[in-house]
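What follows are several structures.
In the two assemblies presented below, chain A is common to both, partnered first by chain B and then by chain C.
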Partner chain A sequence: MFEARLTKGELIKKVIEALKDLVTEANFDISATGIQLQAMDSSHVSLCALQMKAEGFDHFRCDRSMPLGINLSSMSKVLKCCNKDDIVTLKAEDDGDSINFMFESKDQDKISDFELKLMDIDSEHFGIPDTDYKATVTMSASEFTRICNDLSILGETVAISVGKDGVRFSVSGEMGTGNMTVRDNTSSDTKEADRVEIDMEEPVNLNFALRYLKSFAKAAPLTDRVSLCLSRDVPLLVKYEIPEFGSLSYYLAPKIDDES
Partner chain B sequence: MELVPSAPLSSGPLQSPLLDGVDYAATEYMLGIDEAGRGPVLGPLVYGCAFCPVSQEPRLRKMGFMDSKVLTEEKRDALWAAMQDRGTNGFLGWDIAVISAEEISKQMLSTNRRSLNALSFDAAIGLIRAVLERGVHVTQVFVDTVGDAAVYQERLERLFPQCAITVAPKADSKYPIVSAASICAKVPRDELTRAWQFVEAGGSLDRAYGSGYPADEETKAWLARSCDPVFGLPRFARFSWSTTQQLLKERAVAVAWPDDEEGGPSQSKMGAYFHKPGDKRATTARHRLFKRSKLHLVKELR
Partner chain C sequence: MGIHGLSKLIADHAPGAMKEGKFENYFGRKIAIDASTSIYQFLVAVRHEENALTNADGVVTSHLNGMFYRTVRMIDAGIKPVYVFDGKPPTMKGGELAKRHARAAQATADLAKAKEEGNQEDIEKFSKRTVRATKQQSLDCKKLLELMGVPVIDAPCEAESTCAALCAAGKVFAVGTEDMDALTFGSTVLLRHLTYSDTKKMPPMEYRLADVLRLLELSMAQFIDVCILCGCDYTDKLKGVGPETALKKIREHGSLHALLHSTDKLVVGEDKVPASLREGYEEVQRLFTSPEAADPEAVELRWGEPDVEGIVGFMCGEMGFDEKRIRSSCEKLVKAKGKGNQVRIENFFAAKPGTNPAAAPAGKAAAGSGKRKAEPAAKAGKGAAAAAGAKKKK
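After this line comes the complex of A and B, so read on.
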């Protein structure tokens, strides 16, 4: 059987909120080391990879590795019933057809449990090649969210270019154009949350659909920091590391100029 | 405008012959115009025109020309048959204009949209002009109303100042010459519709389309079963009708028009970068022809 208990139950809720816009249903692959999920959005432009380590849970038991196929919008509805400080326990029998959610309030005066039907989801994992990214930008997750939301007012596509001056996000649309440049500030004594670290081997300039970046940015409540990893001709990696728990990574295929 | 039927009329030509012994220029003629098939979502719109010497009007009454909708089908067919007769043609001539459903769709949905009324005006004007050009001395014209009678009348008066024009609602029940015209419209229209030769779907479409009116259950059912998800409806249907547009929206696959999309870089797919384990696909770059024509792999065959 599978059983996992998390005192900070809110994390599960936030993870699902960060996935459900892109993925409608997915397999949660349960194993002794933790929970993994890999899924593409319906148009096969982006890929989400979730890792929740067994150690990140207060209690984790998994006797047999198995996929739990879950409809994420249903799961999100169930998790709406989970309060901010609730302790969440997930349970599934080895050959069962449902997953059980239990929410306990902090002082144990309220317990709710829900059962969600599992689904058979046909999914094959993509091998994600190890990439030596030419440019990595680590910055405040909420600042990245803000950039994506602000720029999407002007257009659909953002050009992200990392150069020696910093990282520039540019958009051009019918209304006009917009640029936002973020500079490396590790040398100054900025607060840790606002720090921008740019690690660049060579300049990179790629185009991406803002629509997806905005969906990725829904993961910002999970953690303070986000990393953007870029290399020519490979998908952008937007990674949210959740300390002592795991990570949520998004890959986004670039938009390609046919002329080039 | 093309005024050709998309199916052959078994009864012959689209106009009566002018007879040798008759001096069409010497006598004053009256001309009537009526239409059939304005409302249906299927089939052509047919305009009929009939002309006879003004003095011969009582003879038409005697023959039984009345509103074609009041006459029985047998009576209409008999009158139509009589109009094919050379003896009758001696005093009663006729001409037909067929606006196919395809033409209606094309005109009503073109960039320079034309309303059905505009098409009707053109058909009527074309018929009057054709008769005049054949040398028939027309002095009176009677037309059943389309749209605003006064506007229509004024337009015709401007175009044909030599004729006294009467545009009136229900003209087919008031003037026998318009009744004759309505027979010229109604009978061929029914025949064209009944014997429609489908070129689509390899001739597999049936003809149980009922009256062709959008509210007819039989017509609705026929439209629903004749709608191909990819090819849509046969050209027998009028695509400018909301019934057809709604049906295509519901039953047919939506079309994405690449030209409507914003220009600039095109979105690549994840499959181009990450591969499933055991995926033996060649990793060489796709030929630029595919890239340039924006062709994407939809499905992988294994």
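After this line comes the complex of A and C, so read on.
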């Protein structure tokens, strides 16, 4: 028996919105410690890793660890019926073939429930090595979304370079070129939300496909801050920490100019 | 060509070893392609009614058309093709080649007859059978590929075995061919339908050798024996033995050698075993296990810049292709080159062994049977049993 209840039901809705562009179907691995999901996008360029801690829920019970294979676009449709302030309860039997969603309005005057069929999904789990990133930038999640959307007007590849004076996002395309530089402002008294922290051991310069960054940026509504972690020749990590609930991490393989 | 009925055998007994992929998802992959077979296929497929495409001088250009547009399509999708051309035919194939010559002569005669009778359908059918790839056509394609910046390799012997050697050595990700004997030669991954045109809407089919062996419960040597029994290009086969029996008999006797020296009713009695098989099977085994192939380590694969003016000069100037179309395709080549190479995420993260849900505990598998997607292995009863056995071992 698996049962999880979340007063801030909206969180689940936002998580699925942040995943469904990249992943069409995935296994939610449930265990006593919480819910985890790991999935590659269909073209195998990026990997999403979701963690929702058991403590983050108001009630969480899982008697047996198992994967729940769910089609995310169907799940997103079901979650469309969930209102902003609804309380969400997820339920699944140990040997069942469906998952149950219940939405209760705050005042308990409206209750709806939905059942979604589960599916067997053949997917591999990847061991993600602990990387000691050479540069980490933490900034406002909405600002990062804006940068990605704005730059994608000009081209499809963005060069992210972290240097002494800040982090620079550059794009060049047929129409022209564009650069946006964000500077570390921890010393000045900027509002917490707009603060940019750059922690750099050595300068890093890598190219990435903007299309994926734009999809990652759909996670911005979940939290205020995002961290970008970079090192030479390894995937970029874009991490959204959701306080007291978990995290949503995206890994994106770089583009390499030409191999020898 | 190839191994008779092998693809069906795998589909029935090892469906888990086949995976339908998406063309776009092979970006960044290096893929070895048997050029000689491709040229032949283009000559057959790229046609207008019964006639091959020709330029104003009547020189056939079907092969160039196919080679150019399909290669552009691959490069545009980020795939890195390597073309391997046939060298001399292997000595073993001599008998088979003689048969092919006989068939060609027959087809030419049939075509003449059909033309006389004016039967359009037959004309088309037989004219396809008379197709032969000439040396000049190979040279044309080589020239075109070099202009396109695509690496070309001359195999010392058959292209298939060199493709397989490149694949087994990890120089390329897969071998792109329709010929199932690429697996028998030891290619770790075989991709079919890769050079099919867009319009056919045939997604690539990926076969993995390791899974084929695991699910068929055969060693590589036994797999080669099954292939020889199914009927390969190099020897005659036992009468009345299809892929099913071949698999059963090799599993039963352990090897082709043991089968031929047993008292099995398939091999006992006059004329049951063709002489070419009884005398030649060991040589055929050797041909598959250690074929004459280019040394993968000595091969350097380089994808260079496309020479646009060179391509236009050759394709439009000499071969009479439409300049506008060729140029617009060349633009794709140049653009693909400038895009930078998108690396795949699997290059960084290793799959954890045993985490594949297909290998999940039995309880889950039983529960899964009621779910929307049936397990692929469930299609063939025996295959499913074999798959389940393999899972437990894991």
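The criterion applied here is as follows: the second predicted complex is superposed on the first by the 258 of 260 C-alpha atoms of A that agree within 3 Å, B and C clash if a C-alpha of one lies under 4 Å from a C-alpha of the other, contacts with A are read in each partner's own complex, and residues count from 1 in each chain.
As a convention for this text, a contact is a pair of C-beta atoms (placed from the backbone, for glycine too) under 8 Å apart; a residue touches a chain by one contact, two chains touch by 3 or more.
The structure presented is a predicted model; accordingly, all values stated were derived computationally and were not measured.
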item: Room on chain A for both chain B and chain C (clash or fit); value: clash
item: Which of chain B and chain C A:K255 touches, first, second, both or neither; value: both
item: Contacts of A:N27 with chain B and chain C, given as first, second, both or neither; value: second
item: Contacts of A:F126 with chain B and chain C, given as first, second, both or neither; value: both
item: Partner chain in contact with A:K117 - chain B first, chain C second, else both or neither; value: second
item: Which superposed partner A:M180 touches (first chain B, second chain C, both, neither); value: neither
item: Partner chain(s) touched by A:S42 [first = chain B, second = chain C, both, neither]; value: second
item: Touching partner for A:V196 - first (chain B), second (chain C), both, neither; value: neither
item: Chain B or chain C, by number of chain A residues touched; value: C
item: Superposition clash, chain C against chain B - the stretch among 45-53, 153-161, 225-233 or 369-377 that is involved; value: 45-53
item: Chain A residues contacted in one complex by chain B, in the other by chain C; value: 40, 43-47, 124-129, 157, 207, 209, 234-235, 251, 253-258
item: Complex contacts: residues of chain A adjacent to chain C; value: 27, 40, 42-47, 66-67, 69, 95-97, 117-129, 157, 207, 209, 234-235, 251-259
item: Chain A-touching residues of chain B, taken from the complex the two chains share; value: 262, 264-277, 291-292, 294
item: Touch list for chain C against partner chain A, complex; value: 22, 24-25, 27, 339-352, 355-358, 360, 363-364, 366-368, 370-373, 375
item: Residue ranges of chain A touching chain B (in the complex, touch as defined); value: 40, 43-47, 124-129, 156-157, 207, 209, 234-235, 251, 253-258
